[in-house]
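Look at the two complexes coming up: subunit A is in both, with subunit B in one and subunit C in the other.
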Partner chain A sequence: MLRAPAVRVAVLAALTGVLCLPMTAAAQKRGGTLVVLVQPEPPTLASYISTSGPIGQVATKVYEGLLEYDFNLKPIPGLAESWKIGADGKTITFVLQKGVRFHDGKPFTSADVKFSVLDVLRKVHPRGAATFREVTEIETPDEHTVVFKLATPAPYMMMALSGYESPMLPKHLFEGTDVKASKYANSPIGTGPFKFVEWQRGQFMRFDRNPDYWRKGRPYLDRIVARFIADSATRTAAIEKGEAHMGGFAAIPWSDVKTLAKLPQFEATTKGYEMSSPIVQLDFNTRRPPFDNLKSRQAVAYAVNRKFVIDNVWFGWGKPATGPISSNFAPLGFYTNEVKSYNVPNGIEIANKLLDEAGLKRGADGVRAEIVHDLTPYGEEWQRYGEYVQQALAEIGIKATLRYEDVPTWLKRLYTDYDFQLSSNWIQGLADPVIGVHRLYHGKQIRPGTVFVNETGWSSPKADELMDQATVEVNPKKRAALYKEFQKIVVDGSPLVWVHELQFVTVYNKQFKDLIVSPLGLYASFDRAYSDK
Partner chain B sequence: MAQAIPVVCAILVLNFLLLRLAPGDAASVLAGEAGSATPEYMAELRQRFGLDQPLLVQLLYYVKNMAALDLGFSFRYNMPVLTLIVNRLGPTLLLMGVTLVLSVGAGVTLGILAASRAGSWRDTVISILALVSYATPLFWIGLMLVVVFSLKLDWLPTSGMETVAAFYQGSDRVLDIARHLILPAVTLSLFYMALYTRLMRAAMLEQAGMDYVTTARAKGLSEGRITLAHIVRNAVLPVVTVAGVQLGGLLGGSIVVESVFAWPGLGLLAFQALFARDFNLLLGIFFLSASLVVVVNLGVDLLYTFLDPRIQV
Partner chain C sequence: MPGFWRRLLGNRSAIIGLVILAVVVVVAASAPVLFPGSPFRRVDRPFQPPFGAHLFGTDVLGRNVAAGIAHGARTSLMIGILATTVAVLVGTVIGAAAGYYGGRLDDLLMRTTEFFQTIPTFLFAIILVAILAPSIRSIVIAIAVVSWPAVARLVRGEFLALRHREFVHACICLGMSDRRVIFRHVLPNCLSPIIVTGSLTVATAILIESALSFLGLGDPNVMSWGFMIGAGRTFLRTAWWLCTIPGMAILLTVLAINLLGEGLNDTLNPRLRNS
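Showing the complex of A and B:
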């Protein structure tokens, strides 16, 4: 019974997919310029070196990946028209699309795939080494066939082949040069539906339609312009006035989304973030008192009112999180809510009891312990969130002082010096738990100096073993069973508080259609987007 | 002049050392933005940026490059620092130059108008206007102007330097940029204008009580001539001093106005460079600003002798 909603979601999603395709296929019009607000301005367009969100939003119009994904998180053809996974899971054969050319006219072939994976992604991509670690060799029997040979099965790799996560680059332009200092970092040449034209720093980037795109007839838009406006109120004004047409992630502040969505010409959607799956957390340092004690960690988990946070800090966008794996993974069967629940009505009462048991008695002033609470340095909602946590902790006798620093200082404090007690944070589950989730809980991921890995210091041999098994398990059902057990163990251990699944909202002008067509959302190529005006 | 070079050198070294006091480095910021990174990747980045070298070695490299007037390379943008700065120079000078002219012009005029009828309703209105403009936060003025002139009246664009979807050429482009310039220039000018108005008014009133004014009046000169030829010329000196300071800060741009109006200036670039720990870029901007301050100070000193021949350089 408990899994019924997940099944219903999956069925509905499949139905929508089936029903939508023929309906929208009839009416696309050619022409139009789409202006997208991207915030902040990306430093470069080198999506093969950085997975930074703003880079992904623009570079994906130029670079494509072997695969794309549907809303059930199933791979669908991209630059690969078909693929076959060997019975042992150690051989994956991709057949590439025919007639694909880079923007400089040179053909895209199997040699480009081999070069991109082995010489670029595995060497300089922040996650590439992990994604492709099992690849021992890539064979290219002919121009349109690529065979990946793996040391052990790597089911997660198939989830990480989008144009955002693993862009395919032109070998002839990168080979023999220093990839990290390539001039194409600022003037990309790919196979995608839009060609890079110019970048006026501090203002905009311009991408024009690629008339020779391999999907005949596409793209429909003439041009995409990405604009950079540092002030959030001005971004909202630019959308409202029609100077820009679309803004996602937090480009339009949550506080303004509802106001804009009330206007007839705008649409707000939370779709298109299914492969990001961010969770808002409170991270404990389990090396230091008071959070070296399981009971005091659980007490904080009980004290946080999820609904209050979602409604008042994030203006209603979000849903309570139950554990380390986002419910976005439900279509793959990886998610379960059959775990210990900290989201209960009498949370404060239980928390006080747990703290008594942990030996933290209230002093004469009602205070059990004093801590410093670090805030995520990403904007005002994080400050409001911190202020709420401060009040919630006060109710259970923990006096928290808030500390707000800039990004580099905060990163160093959390991930290099481990000089914190409790910090807010948000981490993306990404395309597969192996890539996005394991890093926070595995014992081997306690790596000083590396950001967004296990900084809590918590680990458990049993959880490590389950993650190791799930990494190589090719049978989806068995893999799902491993993750269900994993979630139980981690939630019991409470290395952090999973507060809610953050819902980003994309606001767009209804004049444009088919903007968000896959779980990649703003990281998709927009080859199907069109203007209905 | 002989002092200028040692001053700039001292600023260089001081800037370099001060920036290193900030915790965290460019590698951790890049990795932080990427959302994840392996330790090998981080070590590789640090090696590429030269951050694995001892501080003294880094400083020596920096001084050596600066001696050859090489501003260095921004690893974050994968571009030479000079190119990055030059791209922003035009918009910065445009915005700040127009602001300087507008604010000095309007400020001096209002100051004269107020002082010449001190205590009258005209003086009161101008003084209140100056006080309000001076006290209101810039970002709020900016946003209110956007709400009124862009959203409600639909006369002017909200932000940016040109209409990006249109890509105008030639004179259309000049007009387009001028339309985009109005709101940010007015917002920034209001603040400085208030400053100059108050300065000018106070200096005028002070000069009006001087003996030479009484002498001029005794000579039978008209009030208009006394004000323009005698009082204003003396009263404008403090305004020139402050305008010199404003001119020196020209290259710094205005972070607030640039971010509210998405104007591609150097202020916002420097601000972002600080948070990204992009030290090469930041040091480049600091160097240019420091040089400009030195040059402008020299220019202001020369202007004094022209306005007031009693002053010797």
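Showing the complex of A and C:
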């Protein structure tokens, strides 16, 4: 009696399996070459040393991580087939997949995991020290079991084990050598579905199918070629002509995406960026007038017309941001829009009133204050964005002079010298707020000389406390509650203006299927991608 | 001087150049009256085509293209004239000293000049602007730095030729100071080639400024034609007027200056004067 439903389910499942198998096998064809436009050309293939964006688009085809993630940002099996987190959150046991081999034929074992985390990622990866800071020891009771011992619970660590964030490296090739100067930096040997073949600088990188890949039958593509074309118009033309099949992360300018998306053979999607979650901002220096005053900061926040920026600078790709945490974190419950809103129709009016209250009266020429606004030196959209901000500030009587410098000078000005008043910026929320968000608001993250941390100089003891609690809170509901309160406090304090959640768009040729299958998007391994031609 | 004007106005290319240039100057001078306020101000919905509500339409952020053209004319002319003035002054002083005194000083100055000439002009200008941070001042400096060597070589050549002429020897025998000989007697005699080169340098300076702005190295607070082209380039296929109109403005201005320069050359060159 009790067993009957289970049996029925099993039979059904088997039947469905039998019925579906030939169909899926028929749909996923073997063969084909995928040409991806990667912009700019990566400086290196050593994804364990540098997190520079384009590296992730190529190195992830070779190196894999312990985990992959689904669109709900839940971990799913990668090189680890299963895992168990101890009740106290301080012990995490991973069981590794069997039969995984590196591209040189040597087996992938628990020793490689231990080496990668403790000897490479924690030492040389830019975010590795933060990700694995609570790891006290890694035990390897057998070849396929890895046990992470933590000092305090670290829920965010489970979000940072993808092949992009924490690649697993071959111990036998790196051990005993200087990891930072390894000869395998630019001829990577990993476990991934594609093997690195060659890199013609300034032109392309080639990756060929790994026939011994541990997921039997995959990958479906024969080859992936990453092409580097410096001129944006030429990139668009290459996609249009079918010479290249895919481009993401602004490889295709936002202004061209709409044109391409109208053509029947192309698909444009904003999926696959759920673990980067960039927010376009205006950062105040809260140490200096006029933005040492909360009211003048809030006035600027009110003055920015989010819709105009999204529609005219980013051509409709984006949505108004409400606070420090991107709405991409909604599936985890971390996001809330129940905060003070600066995106209101009568923003200019409120802004003028706030500035009056702040004691910044208009002079005879209508100017209340003169400031310098630093542009983000990342290209055209960013210049337009700066020009818009200048005009928006003019409406509330703040006369802004634009300053455009090269990237190193700008970074030094913002993050070392704190010699600025207001700067455009954009920061990624990454896989977990602990890694991507805390760095901008925590008092301990005011670290002169370190880039992309708290340069506004704003902090609040209460917000710090909430972040500290959320860092070690293993209960997702409690963690979510902490973040909701955190967002309220930070939005009230207005250390920066959250303008909009930047949406990158991936344009690809519909001939290819299953390209974007996870929140990692272009940072995934493409083992399921196939060509339907 | 009346003879000079008569000859100049008798030259067809000079007249065409002068007329176009006069229009540009009038537009530039009246920009604050015709289009008051900042040319970066939003006036309408973005991408309004030309010859509608706005003479030349609006751009990606809804800015008036005609206002940009008028204010951009000021920038182009100002930079062209300022940079050329600096380049001609520096080039003349160095060329005159080298040509007049000769010897070691000549060697030193000319090797220095050649050092500057070996660096590709435009790349050099880009590097200078990048180092100095983009602003009107750094652009003027960059254009002057890459433009003076040509003037210096020219002036030196003229001075070398005039230095041993009898009237110069006579001046020296009369006990005139070097300064007086140089400025009162030699320099006036090589003024015409300097004027011709100078006028062409203005055209080059305008082109360099446009190219720098096109590459995003212009002063972000100042409207310029090159900036308009650079910002409109992305929309060449959807909004042709954003690049075409400022492009025409540059073409006409540079052409006018070149025509005028040629006319000046014909007028001032004694060998062509009688033909």
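Criterion: the second predicted complex is superposed on the first by the 507 of 533 C-alpha atoms of A that agree within 3 Å, B and C clash if a C-alpha of one lies under 4 Å from a C-alpha of the other, contacts with A are read in each partner's own complex, and residues count from 1 in each chain.
By definition in this document, a contact is a pair of C-beta atoms (placed from the backbone, for glycine too) under 8 Å apart; a residue touches a chain by one contact, two chains touch by 3 or more.
Small disclaimer: the values here were computed from a predicted structure and weren't measured.
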item: Superposition on subunit A - do subunit B and subunit C clash or fit; value: fit
item: Contacts of A:Ser82 with subunit B and subunit C, given as first, second, both or neither; value: neither
item: Touched partner set for A:Pro253, first subunit B, second subunit C, both or neither; value: second
item: Touching partner for A:Thr177 - first (subunit B), second (subunit C), both, neither; value: neither
item: Partner chain in contact with A:Leu375 - subunit B first, subunit C second, else both or neither; value: second
item: Partner chain(s) touched by A:Asp406 [first = subunit B, second = subunit C, both, neither]; value: both
item: First, second, both or neither for A:Gln390, with subunit B first and subunit C second; value: second
item: Touching partner for A:Asn475 - first (subunit B), second (subunit C), both, neither; value: neither
item: Which superposed partner A:Pro43 touches (first subunit B, second subunit C, both, neither); value: first
item: Subunit B versus subunit C, judged by how many residues of subunit A each one touches; value: B
item: First, second, both or neither for A:Arg447, with subunit B first and subunit C second; value: first
item: Smallest distance from any CA atom of subunit C to any CA atom of subunit B, in Å, after fitting; value: 6
item: Subunit C-contacting residues of subunit A that also contact subunit B; value: 233, 406, 409
item: Subunit C residues within the subunit A interface of the complex; value: 38, 40-42, 46, 60-62, 130, 133-134, 216, 220-221, 231, 233-238
item: Touching residues on subunit A, where the partner in the complex is subunit C; value: 232-233, 253, 255-256, 259, 312-313, 375, 380, 383-384, 386-388, 390-391, 394, 401-406, 409
item: Residues of subunit A touching subunit B in the complex; value: 33, 35, 40-41, 43-44, 46, 50-53, 124, 126-127, 129-130, 180-182, 185-186, 200-204, 206, 223, 225, 227-231, 233-234, 237-238, 240-241, 243, 406-409, 411-413, 415-416, 428, 435, 439, 447, 449-453
item: Partner subunit A, residues of subunit B touching it in the complex; value: 22-25, 28-42, 44, 48, 76-79, 84, 87-88, 91, 139, 143, 146-147, 150-151, 154, 157-165, 167, 258-265, 268-269, 272, 275-277
